[in-house]
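Consider the two complexes below, in which chain A is the common component and chain B and chain C are the respective partners.
Let's look at the complex of A and B:
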């Protein structure tokens, strides 16, 4: 069915937004983490979205090239670290303080993470709306002649 | 629509597969065969949805939205199957009411 392609596009977007949410959750969870396996404070992570042409699920249909070009799913192809300098806080009693008594805290800004969180939530909702619209269109099509 | 071939899926006979050669151009699947195939696909999607729900409930790797999309797909294909069935039954009854 042709509607499954639309659902697959929205599905890929929902998966991507979920991964973005996971990354934001990691950033907020580690907003004060000073130790990581790689050493040093936690670094803020960010997702990279990439458009991904949708391959036909139920056998290649004879869709024209235009039609194939119109179906672009999305995927998170990379999770990159933010190389902004860490936040330095003076706390000589902290075990991870450097020689000058400064502790390197992650370069995570809780406020901008919260805004990203809202953006991810809204994008997720928007894609759910697309799924619902697809469903409504399919049901309208099934009502033809009824 | 060739109403006579509706009987094929109701009573599958050994020559149901050969019906394609009997019914017109060679290599062209008969209406009954097409119906059977799409029924199998609907069934497959239902099983897939079942499996997705099971996977989600048992804490597998399935995500919530993927499960919902699978269920949605299964539901839509089922509705399509029901509409086709309604049309066939309608046509059958139309023939039944025919004056002879």
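Let's look at the complex of A and C:
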């Protein structure tokens, strides 16, 4: 019985989605940040998800399933900056306004961040369901002959 | 007298449980990668493997001839195939959340049912050994 491997798959998805939620949260928190340590306005960040095969520690049958690419967790391999141009707002009195009186605001779109937020939440919930199903199955297996 | 300790039903049920568990892992991978660009949904060739778990050895008596049925295909590994029926999203991912959740739940429920049946079967065996209720 190898339910721990399945739990590892779901666990990798839960932490990946949580990291994605963190990134979305910082995008929304910095939607109006005009100063950053690197200079210029905050830039929207995005996560890169990559399927990641789980290796080792399985029995032979399951290892062969792994070879077939059946057991794939997920990992956030990178957090990249969005290179879309900043939003220019005319506000000559702002301390960060340029010579023409425009202020560069972050390229964060609250609408699309909210949609990402919903997608991440749903994906997280789906994986919690998988964990619950795995737990139930493991309990049933332990109950055989009991 | 057939040897009840080598009950083909128990063997078949156990193998079927393993298949369900392997399919559960495949479906869990799909759901873990629901947001991974380019990921293709996978599926176990479940029906064929199930059929084989129960039927392939049927009617073939063991060499010792104690009457029980031997189940072949013990070493058989079910194949993992790409689920080609699923439509592809713009990011190249073919995992449909609803379809995968439905499959996961159906698979899990049937696992629970099989585990219960197997439990009953073992309980019967124990009752026969004890000779009591």
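Quick notes on this one:
Throughout what follows, the second predicted complex is superposed on the first by the 134 of 146 C-alpha atoms of A that agree within 3 Å, B and C clash if a C-alpha of one lies under 4 Å from a C-alpha of the other, contacts with A are read in each partner's own complex, and residues count from 1 in each chain.
One rule holds in what follows: a residue touches a chain if its C-beta (ideal position, glycine included) is under 8 Å from a C-beta of that chain, and two chains touch if they have at least 3 such contacts.
Here the structure is a predicted model, which is why all the values come from computation and not from measurement.
Annotation for chain A, partner touching more residues between chain B and chain C: C.
Using the contact criterion defined above for the overlaid structures, shared-chain residue A:12 touches chain C, although it does not reach chain B.
Of the two partner chains placed by the overlay, only chain C lies in contact with A:129; chain B stays clear of it.
Contact with both chain B and chain C is seen for A:3 once the two complexes are overlaid on the shared chain. Using the contact criterion defined above for the overlaid structures, shared-chain residue A:120 touches chain C, although it does not reach chain B. Note: residues 1, 3, 10, 145-146 of chain A belong to the chain B contact set and to the chain C contact set alike, using the contact criterion stated above.
Remark: chain B residues 63, 65-66, 68-69, 72-73, 76-77, 79-80, 83, 86-87 touch chain A in the complex. Within the complex formed with chain C, the residues of chain A that make contact are 1-3, 5-6, 9-10, 12-13, 16-17, 20, 49-51, 61-62, 64-65, 68-74, 119-120, 122-123, 126-127, 129-130, 133-134, 136-137, 140-141, 143-146. Of all residues in chain C, only 17-18, 20-22, 24-29, 31-37, 39, 42, 44, 77-80, 97, 100-101, 104-105, 108, 111-112, 115-116, 118-119, 122-123, 126 touch chain A in the complex they form.
On the side of chain A, the complex with chain B involves touching residues 1, 3-4, 7-8, 10-11, 14-15, 18, 128, 131, 135, 138-139, 142, 145-146.
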